[in-house]
Amino acid sequence: MDKWKQFFRDYGWCYLFIAVPVILFLVFTLYPVLAALVMSFQKYHVLNPKWIGFDNYRMMFQDEVFWKAMWNTFVFTVGTVPLNLFITLGLAILIFPRSTRTQTFFKAAFYLPTVMSGVTLALVWFWIYDPTESGLLNMFLGLFGIENVMWLGKSNSSLFSIMFMTYFINHGAGIILYLAALGGIPKSLYEAADIDHASEWSKFKNITWPLLKPTTLYLLVTSIILSFQVFMSIYLMTQGGPNFATTTIAYLIYEHAFVYYKFGLAAAESFVLGFIIILASIAQFKFMSSDVEY
Amino acid sequence: MAEIRTADTQMSTAALQKRESKRTVWRVISYVILSFWVLVTIIPMYWMVVTSFRDIGFSATFTPEWFPSSFSIATYIRFFTKTDAVQWLINSLFVSGVITLSNVLFASLAGYAFAKLRFPGRNMIFWVLLATMMIPAQATLIPIYIMVVNVFNLADTYIAVMLPFLVTVGNIFLMKQYMSTLPSTLIDAARIDGCSEFKIFRKVIMPISKPGVAVLAIFTFVSTWNEFFWPFLVTNSSGMRTIQVGLATFKFAETVDYGGLMAGSVIAALPMIVLFFSLQRYFLQGITIGAVKG
Amino acid sequence: MASIRFDNVTKRFVDEKNGGMFTAVHGASFEIKDQEFVVFVGPSGCGKTTSLRMIAGLERQTDGDILIDGRVVNTVHPKDRDIAMVFQDYALYPHMSISDNLSFGLKNMGRPASEIKEKVDYAANVLGLSHLLDRKPKEMSGGQRQRVAVGRAIVRNPKVFLFDEPLSNLDAKLRVQMRIELAQLHKRLGATIVYVTHDQVEAMTLGQRIVVMNQGHIQQIASPRELYRNPANMFVAGFIGSPPMNFFDAVLEGNKLRVGDMLLEIPADRVADYQGYNGKDIILGLRPEDIHDIDFAYNIPTHNQARVQVEVVEHLGAENLVYFRVGERMITAKVAGESSITTGDTPTFVFNMDKMHLFDKTTEQRI
């Protein structure tokens, strides 16, 4: 008894300090994960859920739209993440040699879209893609005599249009991280390379790139996770259409759960998505961190 | 250094000139690329603002203008009279404010405990919390939605909008990283000076953590203000919507009112843009706290 | 005031890097008397700071009892132990002015404002900080911060002062000055002081008694003079004194020690003490200051002589350090600054065997 009293006196405060996050974690993370798992084996109804075994999973894997959504998510990720990372790194490297004031200007300019909501950005780009000449893109291409394009309205261009948008709005945070990491590389390494008559490319390959790997890994993991979950721009700009051309897994889950109220099916889909994301993250850590040097 | 080196790597004046002109060319090219990318990044926002001050009525087609030929606030008047925008802004402000305060308090407490206090299970609890950052939102969303809406019956309330965001693991991690850098001897000194554990937190830790807290508060406020999906799911009545949700619903209700949409977008984004420019330093430095570093 | 006692105190930590447990202090027992100035000294990681933090109550011992003034304080909170501590990095609250830093503890104790002001003014006066009371710590020099840290301890008027390497962040000159001030402060306050340092010069100059620690074990507790003259083992012998004591591999042969090809004679009155080691390998310890250039060997027996090949000479001004080899071991001799020995010479040295120390080769204990 005395021991417990002492334990409480010694550590009671510590547990009190972390109590709220831990309780929220139990209620809003641990329980939901388990509940979602159970739900994925049920035909879900709030009062009267029915156990149906693997039916949800069977239904999901037999659903053509599910595979289409998988493919779209895959295309979106492959088409945005590496290119955006390349753009981010390229911009950071171009900004880095400039004076502090110039750096700050570019940092701020590229970061500005990040403080604006996804809703705002989606609405503005929705209009840029307007199928008539009121749309900025069509107007611009019209200067070169190119006919108006239904960017979002045709199944062969809609997904690409949404991908294209990300090339211009998502670099702020990454640029700042890369600039910080570039600033952390000791100058003496480049001086040593200069003395060895190293070319610019060889300096990049042998000094810059390896020392930026932790940052690259961090950006890669976070941006892949986000791109697997792309939802809002699709909801606001195309509603998954036309003809499911922009239906991603995240959008499909939303539709099944909150439009058709097929909670069990949606839970099964969300589990598959979660599983893929975790696998992808682990794979990247394994693949990239094996030769990360700190 | 320079004199010493010229001795053994004697460069002809021609070679030096060639190198210098190569550098100038590279400099010009890098500025051209940067300027282009900044323009493409900024133009949509510029265009949004310019268009919001044009009264284009409800015409579906019109010519985009680079420089406004007329100035009108009719679109703003329309946006505010047609919708509950004032209420949406109040809702967003309230919800973001409460969530920010809650995160400041609870993430700091927990971050402090994980960084500086020693208690059984500390590392295990922290790593479990951190691992949950890998779980995608979709996997837990459905059970949380059912719990909040159907079980607690909180649909269309502020509590429902705020509940899942009261303290995030990301913020705890940020504060832990920040507080790890504070000298532990300050805590020892305060203990000897007769502070209770909570008083140490309040009188010593919080005052010296202001820069970290400021970063956390700013990022939490912005991300909550911009949050779309969750408030969109749990609010039904117009009076409970946040500005982002309200703007999205306005888009679906008034597809042809581009002017109104742009005015709404400006209204939704303006507070964050003002915040960004007035606290730019915190935004640009803050990103690097918590992210990567070994 | 107060005495401090450790009864078989052990502290184990969870080793976060390698897993498992790490023992910082092994069954330490000692007593510090009231008003005594005791210095804990040893290399980093020897357990000296952990011992100090256990006295403060910032760490809880795994085993054993700690008594302050005869009272067992094992689970007593730091604030209730009537102690004050000065930290290596000073640990001044950066957001508070100097006067707030000084008065923070008293305010927490709920002392009346008039008393707080009086004590803060007194401490500021003693330490020459009166004109700095409104400053913030970052607006002060290292030496000034150090004084504030000491002042914060003084205002509490505690039974015990604990110092954790308080001078290690100061430059050499300031360190000497603060060392003198601390010694004076001890006299004036008449308090019990426990002082931790890794610097043996600081330990020798400040401590009335010194606790030498290594790898969690107390090696010896003694006065500075006793430590220097009669080190309990090779660790203490090597740690105290600068440059450190020389060690020679030796064999005891009757009243002589065979060291390489030298034969050194043991003082007659001590021969009887070592008979048990006759014919065995032992270690001879001789301090650099007890190996003399024969031209400057005054007032010492000169019959133990040897010629050696000098490898390096370092000139320090008042004295020179001469390095040569005996067997595998590098030996240092501290000779007078006027000595003309230079690198490559083969001078004759006098080994003052009256000052010899003999150690068991396996236990490394003094014999």
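Read from first to last, the chains carry the letters A, B and C; within each, the first residue is number 1.
Simple rule for what comes next: contacts are C-beta pairs under 8 Å (C-beta built on N, C-alpha and C of every residue); 3 or more make two chains touch, one makes a residue touch a chain.
Quick caveat: nothing in here was measured; it's all calculated off a predicted structure.
Asks: Going by the average position of its CA atoms, which chain sits the greatest distance from subunit C?
Replies: Result for the farthest chain: A.
Asks: Two chains share more C-beta contact pairs than any other pair here; which two are they?
Replies: After tallying contacts for each pair, the winner is A-B.
Asks: Taking every chain's C-alpha mean, which one sits closest to the mean of all protein C-alpha atoms?
Replies: Of the chains present, the most centrally placed is B.
Asks: Counting only Cα atoms for the centres, state how far subunit B is from subunit C in Å.
Replies: So the centroids are 54 Å from each other.
Asks: Return the distance between the CA-based centres of subunit A and subunit B, expressed in whole Å.
Replies: Computed from C-alpha means, the inter-chain centre distance equals 15 Å.
Asks: So, what's the distance in Å between the C-alpha centres of subunit C and subunit A?
Replies: One centre to the other, that is 58 Å.
Asks: If a residue has to touch 2 or more other chains to count, which residues of subunit C qualify?
Replies: Subunit C, residues with two or more chain partners: not present.
Asks: Which residue numbers or ranges of subunit B touch two or more of the other chains?
Replies: none
Asks: Multi-chain contacts only, two chains or more: what residues does subunit A have there?
Replies: Counting only residues that touch two or more other chains, subunit A contributes 10.
Asks: Within their complex, state which residues of subunit B touch subunit C.
Replies: Listed in rising order, the residues of subunit B that touch subunit C are 183, 185-186, 188-195, 199, 204, 207-208.
Asks: Going by the contact rule set out above, which residues of subunit A touch subunit B in the complex?
Replies: Contact set of subunit A toward subunit B: 10-11, 13-15, 17-18, 20-22, 24-25, 27-33, 35-36, 39, 46, 87, 90-91, 94-95, 104, 106-113, 115-121, 123-128, 132-136, 139, 168-169, 171, 173, 176-177, 180-181, 214-215, 217-218, 225, 228-229, 231-232, 235-236, 249-250, 253, 257-258, 263, 266-267, 270-271, 273-274, 277-278, 281, 294.
Asks: Which positions of subunit C touch subunit B when the two form their complex?
Replies: Contacts found on subunit C: 53, 56-58, 77-79, 83-85, 87-91, 93-95, 104-105, 108-109, 152.
Asks: Which part of subunit B faces subunit A closely enough to touch in the complex?
Replies: 30, 33-34, 37-38, 40-45, 47-48, 60-64, 106-107, 109-110, 112-114, 117-120, 122, 125, 128-129, 132, 134-147, 150-151, 163-164, 166-167, 169, 172, 197-198, 201, 222, 225-226, 228-229, 233, 244, 247-248, 251, 258, 261-262, 264-265, 268-269, 272-273, 275-277, 280, 283-284, 287-288, 291-294
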